[in-house]
Structures are given as C-alpha cells and as structure tokens.
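Take a look at the following structure, please.
In order of appearance the chains are A, B, C and D, and numbering begins at 1 in each one.
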Amino acid sequence: MPSAEEIVTRMFEKDAFSQWLGIERLAVKEGYCLLKLRVREDMLNGFGIAHGGITYSLADSALAFASNSKGRQAVSIETSISHIQKTKAGDCIVAEAKELERNQKLAHYEVRLYDEATKHTVALFKGIVYLSSKNWD
Amino acid sequence: MPSAEEIVTRMFEKDAFSQWLGIERLAVKEGYCLLKLRVREDMLNGFGIAHGGITYSLADSALAFASNSKGRQAVSIETSISHIQKTKAGDCIVAEAKELERNQKLAHYEVRLYDEATKHTVALFKGIVYLSSKNWD
Amino acid sequence: MPSAEEIVTRMFEKDAFSQWLGIERLAVKEGYCLLKLRVREDMLNGFGIAHGGITYSLADSALAFASNSKGRQAVSIETSISHIQKTKAGDCIVAEAKELERNQKLAHYEVRLYDEATKHTVALFKGIVYLSSKNWD
Amino acid sequence: MPSAEEIVTRMFEKDAFSQWLGIERLAVKEGYCLLKLRVREDMLNGFGIAHGGITYSLADSALAFASNSKGRQAVSIETSISHIQKTKAGDCIVAEAKELERNQKLAHYEVRLYDEATKHTVALFKGIVYLSSKNWD
C-alpha cells in the first residue's frame, strides 16, 4: 500500500483546482494534513475580501487529502464552515485537518483555518466522508 | 435605494472570483437568485470530478447575491453543504437561492444546486447571514 | 413488507422518549411524516422558553419515522438545526419531515417546525441517515 | 457581575428540562462547562438506544451554560451534531463544552460527548450563539 505522502502527491498532481488555488503542502501524515494558500486578487469577492469559496476550497482539499491518506478512498458527503474573520489579498491562510473519528463506513474531520501571520482563526470547518471499499494501490 | 438587480450587478462587477468561475446570472429578485456555472477542466479535483469547492462557491455567491439584494448589507456566518452527485467537465450546474426566514439580525437561506440537463440534485446548501446596519446606497 | 404506517407504529410503541414528549402522529407516508407536540412546563429551560433539545427531539423523531418508513432500517448520522423563534408552555409545534434525496447508502431529509396557531417557523432542521442493509419485516 | 458558577447555578435552578434529564454539573468556568447524564429507560427510542434528542439536549445545555457564563446573555442560533456511537440505559455520558471564538455579536463553541467508562466519543456538537446586549446581574 502506498504511504500517506504518496497518496496525497498522486491526488495533488491531478487536482487542477487545488493547483489553481496555489495550495502548498506543509505536512501530510495518516489522517492529518497541513496546507497553505496565499490569497490573490482573483480570489476576492464584491466586498474586496476573499470569497467564502476560497477558504472552503482550501478546507475541502485538506479534508480530501487527510481522509484519503490512510489508504481507503474517501468521498466527502457533508461539510459545514463557520466564517470567523475576513482575509484580504496577500494574506496567507493555513488549514490544519485532523481526524476525530473513523469507523467502517464514515470518518469525521475538523479543519481549523488560521492567518499564518497573526494565528487568528479565519474559519472552522467540519466534514464527514464516506469510506468506499476501494483502496489506493 | 437601489433595486435588487442594481445591487447584484454592482456586487458582481467587483467579484473577481465569481467572474473566474464564469457564473451567469439567470434571475435576481429580492431575497432570491438563480445562477449558472459550466464546469471546466481547471475546476476538477484529483478524482476527475468538480472539486467540492466549486459547487460550494457557486452556492455561496448565490447566498451573497440573494441576501444582499434586499438593501441591507449581509455577511455569511455559517453554511453547510451536502454533496449528493458528482459533476464533470462540461456539466452545467444551476443554483437556486431562496430566503427561508429573516429577522432584524439574521436571515436564513437554502440553495439547491442541480444539473441543468438532468435536473438531478447535485448539492444542498444552507446558509445564515448576519445583517449589518449598513445599507446599499 | 410492512406499510409505512405499520413501521412507524411499531417504532413509536417502543419509543419511550417520544412518548414522554407527548408526540402525536398527524400523518405518515413513505419518506414523509407530520408530528405534533404541545410544550409543557417540564420542557422549559432557564429562560422560561422551550429547551432547544425539545424542538430538536421532535425533529429527530420525525426524521427517524420518515426515513425508516420506506422499509430499510435507517440511522441518523448528522443533523443540524437553526433555532428561529422561541416557544413557551402551551404552544403547539408541528414538524413536517420530507425526503430530499435517497441513494443506496444515504438519504437526506429536511424538517420544518412551525407554530400550529401562527404558522410561524420555529426551527429548520436538516438530517442525513445511513441506510443499513436490514429491512423492517 | 456574578461569577460563572453563580450564573450557571441560577440558570440550572430554573431549567426544568435539564433537571428532568438528571444533568449533573462536574465543572463550570468562564466559557467552559463539563456536564454528565446517566441514560435512563425513559430516554430510549424505538431501537432501544438513547434517543438522539437526549445527547443533543445534554450538548445544548452545555452550550447554554458555557456561553452565558461570561456575563452576557447568549441565545443559541445554529447547532449541528454528528451521532457517532449508540448509548443504552445505564451508560453515563459526559459533555465538555469549550469556546472556540467570540466576537461582539457571536460566539462559537464545540461540545464533545463521550462515554464516561470507555472514554469513546458518543457525539460531536458545534454551536453558534448570538450575544445579546443584556448582562446577567
């Protein structure tokens, strides 16, 4: 079976949208991952702050990488995100995904997103994935 | 006070990320909006399907437009999305945002996302916005 | 296979907590149910209004009855509730559960709770159930 | 201003439903609380396990006590709960509520519920409260 890092590298190389987002992998372990994104001008909404979809997308990539890294293919079924603090162009956001629980069918993750410079929480994300019977090979 | 359509046009013109997504406005009314997005290759994830962040971003734009269209400036505080069906490059997704409730401080919206061709539900989104004391003028 | 009404009657007869709540079944169909509860003094919290757990419990019973009524045994995995309006002793709350989506493994429901007298929304509930391989017989 | 413990004692003494649930206060601090509940026969559902409303109610009381304990009156607006493990009559469930974030208008809490004997997670709860302008006095 491939290692956590091999699985995530393989996922990331085909993940066109995570690449467009400029996502950087800071750390990957089984059931865990730490990602980083620098907010750009083309990620802003009509209020001149990062679109809610940018922070969500970063968290959702973190969920996908962390939950697949244990070897079983996993698909996100339900997620929620609380938007806590605005971010603007130039800000760097770090997302830390941790596994809370895993049984035969489902796994639960939380992802905390924070500003790299100030460490202040930007958003709180919670996700549930369905564990398919298919393994990464 | 500007009309619902004037507010959303003004928001959209400055919304760089919604423009990158290629979002089309099909209909805008007070507390309501109907948007469309065509999934492109650069929106796919490592499984070759639309990244969860794409459907979320479409729903979040729909929430922002619908909730601001009544004149008070609104900020998303909590959202959740259930991913129901995968979409691939070339698929067109429609998002319909409707207001469920509004009081002095908060408003609740639901957004249903469906495949334009098959009408099958792609995702179900729920969002709460905080209504600021600032009006669109 | 038993009918929707037979399944729900069987569930309800063993459901000690739904009985303590005084839940009344107004209508039961496949994937649908309409319940009613009268708020009592012993259901109030420290603010003299119905405890959030009362409205949640009513919605959760509605989810269980509606999702099991189609014949497959179903277990709630993730639910959320937005509390919109306070209720006090003597108020009657109606909960209407509807199926939004169902595939082989999961089904999605929404439950709207409203005041029977004023029809005003009391809470909005969303739930996902896991469909086991076991049928009601 | 009253202390965290004084506020929670005052809330608890008027909270008829938390008393019916047999909730015990193990610890109370500003923005924090630890509660315990023993599952009884009259808390079970039609499957012979604790009704989802019981674990939710315990978590919701923990949210109310923790969020009010800092002096400003707080009202729950949005909560979600993931049901992870079944509990049966006789099991003791502990709920630990922690504040994640607080600004002028809103505060975010998480509540982990676990089996006192096995320490296994029973449910994961997330809640947002609206902070009113009214203080406890």
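Note that a contact is a pair of C-beta atoms (placed from the backbone, for glycine too) under 8 Å apart; a residue touches a chain by one contact, two chains touch by 3 or more.
The shown structure was predicted, so the numbers you read here are calculated from the model rather than taken from an experiment.
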| item | value |
| --- | --- |
| Chain whose Cα centroid lies at the greatest distance from that of chain C | A |
| Separation of mean Cα positions, chain D and chain A [Å, integer] | 29 |
| Between chain D and chain C, distance of the C-alpha-averaged centres to the nearest whole Å | 21 |
| Separation of chain B from chain D, taking each centre as the mean of its C-alpha atoms, in whole Å | 33 |
| Residues within chain A bordering two or more other chains | 77-78, 80, 82, 128 |
| Graph class of chain-chain contacts, one of line, ring, star, complete, other | complete |
| Touching residues (chain side chain D, partner chain A) in the complex | 80, 82, 84, 100-101, 103, 108, 121, 124, 126, 128 |
| Interfacial residue positions of chain B with respect to chain A in the complex | 10-18, 20-21, 41-48, 51-54, 56-58, 60-61, 64, 75-83 |
| Residues on chain A engaged by chain C in the complex (per definition of touch) | 77-78, 80, 105-106, 128, 130 |
